[in-house]
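Two complexes are shown next, each including subunit A; its partner changes from subunit B in the first to subunit C in the second.
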Partner chain A sequence: MNPVLSRATLAVPVALLLIIGCVLPLALLLVFSFFTVDMDAFVMVPDFSGGNWLQMATKPIFGLLIGKAVLYGSVTAVLTACLGYPVALAIASLSRNAKSLAGVVLLTPLYTGEIVRIYAWRVLLGSEGLVNALLKGIGLIDEPLKFLLFTPFTTYLVLVYNTLPFMVLPIWISAELVDRRLIEAARDLGARPIEAFFKVTLPLTTPGLAVGLFAVFALAAGDMLTPSMLGGTSGSTPMALIDNLFGTAFDWPLASALALSLLMVLFGCASAMAWLLLRLKGARAVLQRGLQ
Partner chain B sequence: MRAGMTRRELLAVMAAAGAAGTVARTSSAWAAVSELVWATWDSNGHPEYVVDFEKQTGTKIKLSYLSSEDAQFAALKTGSAADWDMINPSLNGSWRYIKAGLLKELDLSKIPNASLMYDVFKTTKKAQNEAGKTFAIPYLWGLNPIIYRTDKFDKEPDYNTLFDAKYSGQLAMRDYALESIAIAGLVAGVPRDKVFTMDAKELGEAKKLLVAQKPHLRTYWQTIGDLTNLFATGEVTCAFSWRVPYDELKGKLPVGMAKPKAGVMGWCDCFAMPANLPAEKAEIAYKFVNYLLGPEYSTQVARVGHYATTSSVIRNKLTKEEQATIFIDDMDVMKNFMWPVAPDNYSDWLKIWNEVKAS
Partner chain C sequence: MDSRVSARSQITTPLLLSARGLVKDYGRSRAVDGVDLDIPERAFTTFLGPSGCGKTTMLRIIAGFERPDAGSIILDGKPLLDVPPERRPVNTVFQSYALFPHLTVFENVAFSLTLRRRSPDPGPRVRRALETVHMADFADRYPHQLSGGQQQRVAVARAIIAEPHLLLLDEPLSALDRKMRSHLQIELKDLQRRLGIAFVCVTHDQEEAFALSDLIVVMNRGRIVQRDDPATLYARPANAFVADFIGSATLISGEVIGLAEGATSASLRTSLGILEAPCVEGLSVGQTAIFVLRPDHVQVVEPSLWNNQPSFKATVRHIVFKGDHYLIEAEAEGILLVFEDKLLLNPGDAVMLQINQPSCFITRVDT
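And then the complex of A and B:
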């Protein structure tokens, strides 16, 4: 048997699980979105008028909330890429022991629960928090800096902090796989360090960067807790509305239409990102080589 | 007492076995009467609250704590709560359980302590269907007041205070469409008995107020632990709240509790049985709801949990201070009650609320 094919068969059970766990609920959401709620009998009844989808298309609030999720995802992904890339390269150039230590330190924040981290940020950034107390103590400010907490600044700061390991790890692994002789060859042929980086290192680490971008985009766009508990009055998300619609409002059909709309938009964004990345030579070269 | 119960249980088992004619049915019926599962909030169902009932009847109460009312409704609606024998719908939300046919009709003659309930609960139509049949018994209630820092406010705040630019940056509202829009409705002048059925124009007025309020808020609070933290860390000095932050922070911070004259949001939990509860279990469940309205549970929950039952059974035995703690020192408070009920067009309320938050 073709060895690549036989390796692929190993993934079949997991792939099946993913299909069942993903496709079935989505199919259910699609069916629900063509229902309506009969509030007198308190049951859902089929309604093929497409009213829920019409609402998605015509009520600006849904587009606005989905747009916000995309914004959270993309801004966080770009910020973590800018911050995480140099960190990943730095880790890749450390000694073996230092790398192990760096890996542990990098993942330490993830060992605590999200809610613990949220309250820790409040202690740090609050009006009577550590940062404000420090700035006051050294005489830089008289009044606490209120923008530190419960603003979009806080949301992005914490989203970047929470998702940074998911950016650094894949880039670090990609960087480890780069054949150092290629960089040396580029330098021997007269490339300056910056040229060697842009022509060799960056293209060959694109797959890691891509994985990081996808992961961070999905995590940040789908986060409900951070915006709602640290973003103050600006922390609305489509997830919170979906939660409310499925819950107290018992409007499962509208919630289903919104959930699917959000998913389609996020999927579209991720596909566009993938398409753009695959146009880069480095990514194509690495991905085509695969596991021979 | 224990031997008496055993005989009754045995009779129930024999009757069930005779009817079904199977051994399996026998063991199921035995298990049913020796234990009842009560789905409720952890604050309503501390194990020590039900010990007396277990001693009196020999039936063990197994506590199954709820995560949210919506989850409770969904579990019943989808049939994934087959082991629940007694459930805990809110008075405000009972209508949807009744409409969905999820509750068993109750025979009030089997609940003698129901006659001790305060009138406002005894006469409520919210636990009945359109034909006037009763499906739920209100048993525990409380108020959602405004909590404030007494050192930061000259006078007791009311709902208008929550919209006052003078206190900008110190205020908080709950991230919950139903109560927040209703409060804005009250401030806009909608009478309290109409506030949960506001028409489009009134909803528009409420929305305008909420949009104008937004810059003055420090944040919207998500959970009551969240709000307590906001008070404790000095981020917020006045908020529409539950009473928890008051109990938690009293003695540590100068906090007060205000009950606005415009209308006090009340909450009330009900006892109910799932529609398909077998008769032998229902008999014990009737004894249990009678216990919830009786002296043992009422005393425990008042002194430990600081909540009042809907029964007047122990009111006169409590000190004035204990009465004040659970809001039954001045019974006039019941005249200002508002019961938040999600209207049929609640999806529209949610849209408005999200428009406010996204504005």
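And then the complex of A and C:
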């Protein structure tokens, strides 16, 4: 058998899982979105008028919520990229022992669970919290800083904190794959360190950056707990609305239409972003090596 | 005497680079251990030695990728060590070339010209550089679309386009197959003559060093063992290490029992009898020394053709067919002698051998 084909067969179990766990539910959502709820009998009945989709298109609240998810996703992705890129490069340049330590430090917060972290942030950022107490103690402020908790600031801060490992890891691996001699070659040919970075390191780490942006965008745009528990009045998200519609309001058809709309928009944004990045010469050169 | 020869050759060509007292430690191991070195202008100099001898570290120090722990380097009459790599008039052809994978051949070669404050249109110069290495037709290819030999040429073009005063080559041909290697050896040597700039090459392959170099610097354990032209190196190795590393040789150890002609020739008592040959300077009677016997200094003799050279009996052990001759390994008095002959001998044959002693050399044991 063709070796590429036989290697591809290794992916069959996962592909099956993806079909059962992802494609089927999506198909189900699509079917549900063409139902309507008969509120008297409290049952769902088919309704091919597309009323749910009409609501999606016409009621501004849905567009606004989805737009907000995209905004959270993109801003968090960009912030994490800016913060995570230097961290990833720094880790890649450490000694081997220091690298494993950095890996542990990077990943440990992920084991604590989101709810625990959220309450920890409340303790840290509240009016009587650690940060305000500290700032007051050293005399920098008289009144506690109110913007620290239950504002968009909090949401972004915690989203960035939560998603940082998913940005750092792929860039770190990308940076490890950049041959050190390429940077020496650039220096040798007259590039100052900063020029060597922009002409060699950055282009050749775009695959890691693309994966990081993709992952962080999806995680942040789809997060519900962080905005709703730390974002205060700004914390409404399409996810929370979907949760409400499915759980409390029993409007599965509308929830399905909203979930599908959100998914399509997010997937479209993320794919466009990753596609643009992977089209860059640096990324193409790195991915080319896989074919050799 | 050999040091006087090299002293004279230093005077005829002006010095490009001179290093004094270079030391470089990696953790507990000392890669470069007090190296003094002069590199002449417009010459092809090669650092030759086994892996780990410090030759690559020397190259990296000159390029600016490593900073020595002690010592100084003067290039073009100016101190070099405080100059960052990008401002040194030195360019490097890296081992396995380090071409930028995301740039085309043209962009790779143009790299140094497209950096700040350089020529606005690098096109003509890039094309000229590519023509120099016969790669003009490949300007739009990417490195992964090139063969090893083609990548090597692009790496050379990229390194010479900025007109360095010194071109460094780190094992430039080691990644290539044998045929391509000998072909590119000739091209590299020719290129060096045409450009008229100094090339400094690092290799562990003595054949390559011989093919390329005007001057060979033999290194071992972080020190320079000998610095000479290839012919002198072959004929008058400074010690047993050089004799063994350069070309093939049978090393026979013995005791110096006499010196002649102003101590430029010595006689040695060995298990093959008393052998006489020109010798390295500084030997004294009673010392242990090494008789260096090259394959072309041994002949099989017919009893009728014996002359006054001493001869001895040996038994053939192994034979290797080399095309126009055989390489023969024979044992005499517990010593394995390697020599060449056109006669077909068989393992087990007894032969009478004679050594052409005046062409041989007596050198020091390793210090």
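Everything below uses one rule, namely that the second predicted complex is superposed on the first by the 290 of 292 C-alpha atoms of A that agree within 3 Å, B and C clash if a C-alpha of one lies under 4 Å from a C-alpha of the other, contacts with A are read in each partner's own complex, and residues count from 1 in each chain.
We adopt the following convention: contacts are C-beta pairs under 8 Å (C-beta built on N, C-alpha and C of every residue); 3 or more make two chains touch, one makes a residue touch a chain.
As the structure is a computational prediction, the values presented were derived from the model and not from experiment.
Look at subunit A after the overlay: subunit B and subunit C fit there side by side. Of the two partner chains, subunit B is the only one touched by A:M39; subunit C is not.
Set side by side, subunit B and subunit C differ in how many residues of subunit A they touch, and the one touching more is B. Touch criterion not met for A:L130: it reaches neither subunit B nor subunit C. By the touch criterion stated above, A:I61 is placed in contact with subunit B alone, subunit C being left untouched. Of the two partner chains placed by superposition, A:A90 touches none, neither subunit B nor subunit C.
In the superposition on chain A, contact is made by A:P203 with subunit C only, not with subunit B. Between the C-alpha centres of subunit B and subunit C, as seen from that of subunit A in the superposed arrangement, lies an angle of 150 degrees, given as a multiple of 10.
Once the two complexes are overlaid on the shared chain, A:G190 sits against subunit C while remaining clear of subunit B. Once you line the two complexes up on chain A, you'll see the smallest CA to CA distance from subunit B to subunit C is 46 Å.
Taken in their complex, subunit A has these residues touching subunit B: 39-43, 59, 61, 64-65, 68, 119, 122-123, 126-129, 146, 149-150, 228-229, 232-236, 240-241, 244-251, 254.
Against subunit A, in their complex, subunit B makes its touches with residues 68-70, 73, 96, 99-100, 169, 175, 177-178, 214-215, 217-220, 222, 226, 229, 233-235, 342, 344, 346-347, 349-351, 354-355, 357-358. Those residues of subunit C whose C-beta lies close enough to touch subunit A in the complex are 63-65, 84-87, 90-92, 94-96, 98-103, 111-112, 115-116, 142, 144, 158-159, 162.
Within the complex formed with subunit C, the residues of subunit A that make contact are 179, 181-182, 184-192, 195, 199-200, 203-204, 281-282, 284-286, 288-289, 292.
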